[in-house]
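Each of the two complexes below includes chain A, the first together with chain B, the second together with chain C.
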Partner chain A sequence: MKTVLYIGAAIAAAALLALPIFGDLGTMNLVIKIMIAAIFALGFNLLWGQAGLPSFGHAAYYGIGTFATIYMMNAIDRGGWFPTPLLPLVGAGAGFAFGLVAGWFATIRSGVYFAMITVALAELVSAIALKWEGLFGGEAGIRSIRTDWGPFSFQSTTSVYWLTLIWMLLVMAFLFGLQRSPFGLVVRGIRERELRVRFLGYDTHRVKTLVFAISAAVSGLAGGLLAISDESASMVLFQGSGSAFVVLNTVIGGAGVFLGPVIGAALTTSFAYFGANLSHFWMLYLGIAFVVTVMYAPQGIGGAIAQRARAVKAGEKAAFGTGDLIGIVAFALTFLGLIFLIEITGTICSEQYRASIASAKGVWPPVRLLGYDFNPLSPLPWLIGLLSLGAGIAIVVAQPHLRRPRLLDLVTTKAEAGK
Partner chain B sequence: MSATTLSLSSVQKSFAMVRVLEAIDLDIAKGERHALIGPNGAGKSTLFNLISGAFAPTSGSIQLNGASVAGLVPHKLNRAGLGRSFQITHVFDKLTVRENIRLAVMGRFGKRWSFLRRGAVWDEIDRETDALIAGANLSPQSETNAGDLAYSEQRAVEICMTVGTGAEVILLDEPTAGMSREETAHIITFIRRITEGRTLVMVEHDMDVVFNLADRVSVLVNGRILVTGTPSEIRSDARVREAYLGDGEH
Partner chain C sequence: MLNVTDLHAAYGNIKVLNGVTLSVPGGSIATILGRNGSGRSSTCKAVMGLLPPMRGQVTLKGKELAGLPAHEISRAGIGYVPEDRQVFKNLSVEENFKIGIQPAKAGRAAWTVDELLDVFPRLRERRHIKAGFLSGGEQQMLTLFRTLLTNPDVMLIDEPTEGLAPKVVEALAEVILEMKRRGLALLLLEQKLAMVMRLTDRVFVMGRGEIVFSGSVADFQADDAVRRTWLEVS
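And then the complex of A and B:
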């Protein structure tokens, strides 16, 4: 299994190195966005996966990092001395400073109360960003430009790509080292049983505050890279969706696996990039994917892969069996059915479609789907949708191994894993 | 009697209007193994929680080596030399046995904020950790997650952690609760060995354990200390028989 991991890592590394040579500008921009989302999610997961503290307001630190970096870029542009490649550190520093203050307040409590405080703080920052137009540039935001540094030019997308890649690797190495350090052990202890850690002589509030600040710093660093890539920042960054997306990435990818958030970031960012062109309803599909992940693989995709890898190693399961094939077929059928129902319903209910009915004097124009025209008044597309969805669900119901894990299964799996 | 380590004088605790403990006076000598016993509702757990800092006394003083420790927050209390274990096992389920115990030992060596493992002190921490694991007969399971151990093994890990912080006074809350005869015998031997040269205060229901392990015993009834004495004194005390031992097996 280790070899598979190494081969996978080698392929990923080769792809990342080869991309600037073979890839087009669009793909390169996509991968830059994926890497930024990955850094953000890794920073978020330090707090959630390692310390067990679910922050639902991390967009604040990401946005603060972006704005701080934009301001520093403008300062460089006016003749400041700061080296452009180190700009993400400005974002990290701003994130750290705000994280220290916010973290001190938020980590006084744990669990839901902690989460509530993080939401409140993020809303506060968002409200301030909206009001202080002079500082945050209002709806239009503020712009800047990348300045070259010494022999290095930062005008091309390729240069931004390399810079982002290097920073992502640095962040990964840093967080991996932190996780394995003695301090990381204290943090995991707090996640397991904070009270016990206190009775072992540790001031857990200070430890949690520092972890929060480091997490905010990594988020701010991601925001800094966004500033470098986009050369702009706006208060949209502070809105709730930013905080939601990083949770989504981490849940889909898996909080319990180090690279899980990276998997999630890659999937949702790609999905947003391609899906937004294909359908108006891509957010709905993403939401469905989130719900399905939480129901069927609460440990996330990364967690499911790790679990399967352990089972394969123990000789309990094949790496890929007929059961998996049936699962994929069931998933494909269900999803195909959903696409038909969602797209046709969504299209005929849209204002634009109503207008075209009116202009065609009451005739319902065909709906184009997967390269074919369907008449929404005929039963055919609806039947395809319902039958496909029904078949997918029927397979899941008929196959015990596809049903979602029950609480009891989760408990027994845990007990068996301990043998 | 040798020097007093832990000293309680006129300690009183009320919850709302209910007075749970009144005027507790207790001196525990250095190196002594002291047991707190008493019928249910006598206030043993409350007294234990007061000593261990879970809450502050309503009035009265608790002194550790002459310095007041009443109402100190847990991490400060631990650094003052008081280590407690919990009645319900409080190990770190998803950390290995070695990680559990290292976390305790690390703090004792002042490595509470270390990002790197640099320097000779880490060899010492590793040695100490291994010695504690070996002492608890847990060497074969040192890389097992603590949550997957048998119950008595978890208790052993728990006690190792309490001792690993270097605490001078060890507080154990029902160390043999829920254990079989064999497990109990094993853990008593372990506790006796590991608390050698330290002061032990424990709450315990099992009379065999108490009479086997303790140098002195205090009997609590209705929030007061009825009598303090050696196990044989307690066994032969008429008041104790009436108040406690007489009312059946525990």
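And then the complex of A and C:
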């Protein structure tokens, strides 16, 4: 099993190293965004996966990191001395400072109350960003430019790519070391039984505040990299969707596995990148993917892989069996059916489509789907959708190992972890 | 070493401790007996700062502890093994040990994981598995050892023998005697008389939030009235 892991790591490393040589600009930008989302999610998961504290307002620290970095970039542009490659540390510092204050308040409580406080604090920051145009630039946001440092030029996308990659590896090494340190052990102890940790002589409120601030610092560092990559910051960063996406990435990838959030970030960011070109409804598909993950793999994709790897090692399961094949077929059919139904319904309900009916004098134009034209008035596309969906669900229901949704398990494990 | 003087405490309006006074010198074992609800566990909680004392003193080697938060009381040298011993289920046995380790107090040898595992070798075989998979008795021993590794001066153990197999009780007795030999002050809370009677130096009996008897094991055994009034369930 270890060999598989090393081979996987080697392939990933080779792909990351080769990308600037073979990849086009679009792909490189995508991977930069994935790495930024991965750092953000890793920071978030320090708080959730390790300390058991679910923050639903982490966009605040990400956004603060972005703005702080943009201001520093402007200062460099005006002749400041700060080295460009270290700019993410400005984001991290800002995130840490705000995280200390917010974390001190939020970690007075645990579980749902903690989560509510984080949401409230994020909304507060968002409201301030909206009103305070002088500092946050209003709807237009603030722009800046990357300045070269010594012999290093930062004008190309490739340079931003290398910088982001190096910072991602540094953050991973830091967080991995932290997780294994005595401090990380105390943090995990707090997730399990906070009161017992106090009996062992630790001021748990102080530990929780610190871990919150470190998590906010890593999020701010990710925000700093975004500032370098985009050369701009806007108050949109503070909106709730940013906080939601990092939760989504972590849940889909798996909070209990170190690289889980990275897997989630890679999947959702790629999905947003490609999906947005393919369909207007890509966010709906992402939502469905989230629900399916929570139901069938509450430990996330990374967690499911780790679990399977352990079962294979113990000789309980094959690495890939017929059951998995049936599962994949069932999900593929279900999704195919959903795609037909959602795309056709969505398209014919759109204003644009209404307008084209009017311009064609009442004739319904065909809907293009998966490379074919379908007449929305014929039963064919609807039948394909319904039959495919029905067949997929029927297989799921007939297979005992697929049937049981584990939603409640997730809720209970998280509730226990929050105690 | 541990001195509790005139300790009063309440849950809301319900008074549970009405002036508890007791002391446990270093290198000795004291046991508090009493029925359910007599105030045994509340005494421990008040000493540990979980139940804020309304009045009275708790001192350890002369240092006042009443009113401090739980982690500072632990740092001052009191180890507490509560009744509902809970291990960190998703941490390995070894991590459960490591999380508690504190340096020894001046002039006392530190407890080591190895010597504790010698007393109860079953945990050594299982040190890499998650503590949640241990049996009840193993989890109890793990909690006790984890607390001992904070190298406290005083150990408060609530119902040490509850639900333990006889063989485990033997291992436990051995550790308790070793703690005494090393000069710790031990305060055990028990409902049952059997095991502790051969270990303890001093007996306290609690009833209605007060100490109603205090004396040696011989005194206690000679006093039928105390047993009848405060311990036996009629």
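Points to keep in mind about this one:
Quick note on the criterion: the second predicted complex is superposed on the first by the 404 of 419 C-alpha atoms of A that agree within 3 Å, B and C clash if a C-alpha of one lies under 4 Å from a C-alpha of the other, contacts with A are read in each partner's own complex, and residues count from 1 in each chain.
We adopt the following convention: contacts are C-beta pairs under 8 Å (C-beta built on N, C-alpha and C of every residue); 3 or more make two chains touch, one makes a residue touch a chain.
In this text the structure is predicted, and so the values were computed from the model without any measurement.
Following the overlay on chain A, a clash is recorded for the pair chain B and chain C.
After overlaying the two complexes on the shared chain, residue contacts for A:Glu316 are found with neither chain B nor chain C. Look at A:Arg193: by the touch rule set out above, it reaches both chain B and chain C. Of the two partner chains placed by superposition, A:Glu133 touches none, neither chain B nor chain C.
In the superposed model, A:Phe183 lies in contact with chain B only, and not with chain C. Greater residue coverage of chain A by touch, when chain B is weighed against chain C, goes to B.
Using the contact criterion defined above for the overlaid structures, shared-chain residue A:Gly201 touches chain B and also reaches chain C.
When both complexes are overlaid on chain A, the residue A:Asp148 reaches neither chain B nor chain C. When the two complexes are laid over each other on chain A, chain A has residues 182, 185-186, 188-189, 192-193, 195-204 in contact with both chain B and chain C.
Those residues of chain C whose C-beta lies close enough to touch chain A in the complex are 48, 69-72, 74-75, 79-80, 82, 86, 88-91, 95, 98-100, 102, 146-147, 150. Across the interface of their complex, chain A is touched by residues 52, 73-75, 77-79, 83-84, 86, 90-95, 99, 102-104, 106-108, 111-117, 144-145, 147-148, 161, 165 of chain B.
By the touch criterion stated above, chain A contacts chain C in their complex at residues 182, 185-186, 188-189, 191-193, 195-204.
Across the interface of their complex, chain B is touched by residues 177-178, 181-183, 185-186, 188-189, 192-193, 195-204, 417-419 of chain A.
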